[in-house]
């Protein structure tokens, strides 16, 4: 499970920077390319067979969005990057899906890398996929590592044709995509929050050894999310704060809103981490408490019966000259003594409130 | 209990930003709207049936305060926001009551989000409600998530008619409302401080397993308060430091005072957290100490009686040829030996200061 | 003991800011007012009956110091504040003695709040009292929450008439008072350092359950001191760094010196905290170590005698057909076997270095 | 193992700064000097016998790279430094291989110190070697503490003659060398990540005492890597951010890329550290859990058999008057009683879910 | 041992600032004053009887160094300070040897306070002595709290007459003295590193109770060193960064070098602290591990023999009607049963891998 924190990079070592080499696993499906070209009045949507069909979008007045599902077809990336004039390092970062979220300002376009998270039901784990955006004048090109329905709400809003999205430019579209990624974090957090709550119930009612492993796993999930989201903060913060020519003033309040959401995600993650620490303390001391109660049972039993057994042992000795053995009331009185000793012990434990 | 740290947001996902959707639970009562319109000499106070009755407040020379108790009637918010020209994002944030405290500068008005805390006796928990303020020229519009008596002292001071509040403008009114929120934190802290003191007494005198759960719960309360108050610091600090046209220079010292109070609240929370950490250490080591004393009892009893039982066992053997058994003084002398061994053991424990 | 970290503030809640309400306990003694008016050549010292007797100090060329012992007489504060033109918030802060140390710049005067600490022998605790200073042109007005001898050294130096104090102005007097407060921290730290050293000796030689409680208490003292001193740092640092008209350039090196002392106090407190953490670790592991040695005693005794008792048990059985019982050397040889088993066990423990 | 964190420096103490003294161990092999002199069209590569053969590189238009493998021949360093005008402190830092990574701006050249890490299979440890770069106009001189194949990929790219490396100047070459060092960190991290994963499996399935020592060792490796990489961040960050005349604008995006990689390395190290902390918690509580289960076995056995043995002891007593002994059903009924007691105990443990 | 973190300051309390009072212990030896006056060609070295012999150094063109060993003769300090025009606060700080390292800029001179550390073999502790430097134009006056050989290497380099020291001015001399102090830290760290390594070996092979105390002591040493070195960083950093007229541009690279060394010392201290924390974890869990193994021995022995003893107890009962007792094979078969039970137990422990 540690392995999701680092990827095998050795095969890339020693290559010239800007060389395109696929680092993640090779996907089997074809890369899907969808094109949206719209202004307030008009929408053209098209599934493309060839990437070249999108080349006409350069230098248009309408807003275009080229959405790629999958980055494992290096040829497509190279063609697209070549036509739209990407820096080789940008192409490399799109393909190498182990980038940190970042925002880079190139001449004529902004390059944005994000991590989209989703909760994988099967493995019961949070998984990440890289989303890269290239924001140019009147154009956004988006690259998703995996096929997901992440951008479906945005597509829906484009299709409906009403609302701000169709009226505003490519910068607002980029915002909408970033916001979709951040929104998804809340969904993941909700899932994790539910699990955390289950864990808490378990911890209070019946902590098992496996509870600890769950805490440990949740902690690692938090580490993983943190790693994706802290740099995101700088990305969205930077977009909102600094003055990029490509980002219109009217989009700023929306970016500020997305920034607030990012902070909220970070806050929640940090809170979850603190709660998990508290749970660990609870768990550890509940182990100690149980050990304590085990010890008490042992001590009570041993402390009552060991002296009694000793008394029985005395009268089991075979000395010839043991007058008590011959007394008529010897046996009942020794039983009475034993009873008295036992009760005294019980009283003692009662007073120590062990019972 | 973890659930109070996050709200179910999934239903909002995928909507256009600025869409009004109620995130919290639907309240059953009607939203109460109260209007105060005053200057130094005159006060008009009115419970409004319809929100439209407050529309005349725009562009008046007197100070107006429109106070809304409840934000669950989206229509009212929309009408009000429409008339007074709120940004759609502002309206969204008023209705979505899971915002972080923040201060936003829009053209013509400041938008302030706060978290009001109160100690809920029934659930024995700290609960939060969102308070949003829109501060315009000569007008303050306040939105409370829940019906509370939070602003009663401010209303009282307006009614009395004397004092600074009636003389100064809308910025001072906004200050007074913020100050009422911050003041309330002290009340909550006092309650928590009392509980902390009870907990400390319990911890020193008779720590039970439940004590730990109390510590854990208090820790979570602190996390919860922290989450509300740290961003508040920036809000009040920003109001006091930066130069907003809407904030008069004469109000600044009062805002600085409110800022000092915020810092004091933060200080106290951090101190409480440190104290709780210390309590946890105390608790853990008191468990260990008790285990130690249980073990000592067991060890003392076992160490005294196991050798004695062994001696008794020897003379319980049935060998034919055991001369001691036939000695007249065999029995008493073996008893004396046992006594001696027992006393030696006791002495040993005394010297080890286990007794 | 937690209670010293927060004061009951509920009675103040809802009042207009600037209202004078006593928050601390009502003192029974009368407020003492002393007036010093001096320049290099001349000194007038006077115990005042009425606060009005000090009013002539306004706008004089000589340096005046009005020293108030006690802030519980609201009337006096109001008269004084009224005459010398204090902001109502300043008066409120003088009376509400639960302020954080702070420095505020009002027109014509600086307002400084400090916390004076002293070690209370009876309760064996560090206690705090608020000291407020108003520094104006040629005048210092000081307010002490409690009657203390804190400023006696400064008074002595004024009386002696030699040295810098009489030559320099009111800013130097304010410095001297601040320095007296900071100097007193060292005295408290010395006391705490002695206690820490006692605790360390106790910890190494004979840690008792009560040692832990002492560590816990010391930790809280440190939290308490920290809370008073961290903001003091900003106060003295601000005075020294920023350019206030009221602070002469010649006083700056002295303020810098006071600032250095403050840093030294903070350093020492942080070091003490680290040492206390180390002590806690020592304590916890000494408990474990002792548990270990208890367990060893039990294990050694049980491990030696339980097998021996078993052997004795065998020959205590009543089978008819047990040939060993009839051997002449049966008894001595079984004793020899037992001795051998016992010695073997001892040897085993020796090798495990448990003995 | 601690020793790798500090080097014996005492022999250097008291020398004038800038004196060349070898601090690391004396290597036995000869220092290898390789010269590359190239522009886009031409490449001259040469193994040098004497360092003087490289002197012609000064003030040429083509890009030169003098690569030294080994810094233990002080004479060579002195000659080279003398000819190319190094500051004596630079020469000292090249030879004293216990420098922190740093970037220094001298007149006419930049001096860069890096730490190259590699994973030593034999000792199963991360080891560091110092790499120093002097970047001048059209020249890079590199000094490696140890013979490694670190720069082989760069050499390969130079030889191939295509690509950016031959087209761009000495600053890009310096970038390529820095990037080779940073790339190598990923290789080391991959190894450590694998080990971490093994450790995790071990921890969950069968934690042994040695697991703890592994965790401890891994923690130290992380400390060691951290020490090398945190300052590296400043170095690469500085190169990218600040405007050095020697660094061409076109190289900046590549340096920014290298900076991103450095941050990624730091992120991964911090994550590994957090994971290791979590592992330690797991380990400690697994010890406690095992102790718990050991105690349970003991308690169950003792609690069942001690009372039974007591009952047997009673009827082993030799009193004359014990009627039960003479009952025909005495023996079977007492056996039945014992069975009942034993089963009752088992039931009790079942209910406590100890079984 | 705590006491070395704070000095008895109470006797100074209440004095006017700038009053000379000795805070440390009174030394018995006379203060040694040595004068060096040199330029590149000439060197005058002289042990002075009277401090007045050094007064001629003021306003000379050659570089002068007045070195005082001991600061306990207040008269000497006062004469010197008076002649060379020290601020009274400077004189006070020279004599009060519990200052934090600091750098102060007075008119005409810089005042620098450092802490020189050395490892005291007898008490096995790190000890500190204050070193104060006054750097004026063409003059350095140094004050050492204790007689040490700290500056011998610098003296040696002055005497040798070659090298930079004689050529450059008083600022370089000051640098050389600071560097000597910092160099000495490495020597102390080396000693502590050796001890740390011993401790590690001890910890892995045979952790004793005393090991913990060693860890605790080392931790305190680190705290102590930290307290001296963190502020030193600011001192050297300030000298190097800010532009002081007295510091020549040519000296800056050397100061930067000294600054690097300071950072390296801090790095190493922080690393040592982290290693010590790791050791503590190791120690605590090794205690738990040992407890575990003690418990296992007890449990194995008890679990094997307690049931066996019970069986023996049964056949030790004196019932008349116990048919087994009269069987010819009763005794051997019961022994066989016992053997079987014992072996079964052993098998069980084997399977649980406790053996």
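By written order: A, B, C, D and E. Residues from 1 in each chain.
The criterion applied here is as follows: contacts are C-beta pairs under 8 Å (C-beta built on N, C-alpha and C of every residue); 3 or more make two chains touch, one makes a residue touch a chain.
These figures come from a predicted structure and were not determined experimentally.
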Fewest hops from chain C to chain D - one hop per pair of touching chains: 2
Centroid spacing, where centroids are CA-atom means, of chain B and chain E in whole angstrom: 42
Computed distance of Cα centres, chain E from chain D, in Å: 26
For chain A paired with chain B, centre-to-centre distance based on mean C-alpha positions, whole Å: 26
Contacts with two or more other chains, residues of chain D listed in rising order: 284, 288, 291, 295, 298, 302, 306, 309, 313, 316-318, 322
Sequence of touching chains round the ring, chain D onward through chain E: D, E, C, B, A
Residues of chain A that touch chain D when the two form their complex: 1-3, 5-6, 8-10, 12-18, 87, 89, 98-100, 102, 104, 106, 209, 212-213, 216, 219-220, 223, 227, 280, 283-284, 287-288, 290-291, 294-295, 297-298, 301-302, 305-306, 308-309, 312-313, 315-318, 322, 324-328, 330-331, 334-335
Complex interface listing, chain B residues touching chain C: 152-153, 156-157, 163-165, 179-180, 183-184, 186-187, 189-190, 193, 196-197, 200, 204, 253-254, 256-257, 260, 263-264, 267-268, 271-272, 274-275, 278-279, 281-282, 284-286, 288-289, 291-292, 295-296, 298-299, 302-303, 306-307, 309-310, 313-314, 316-322, 354
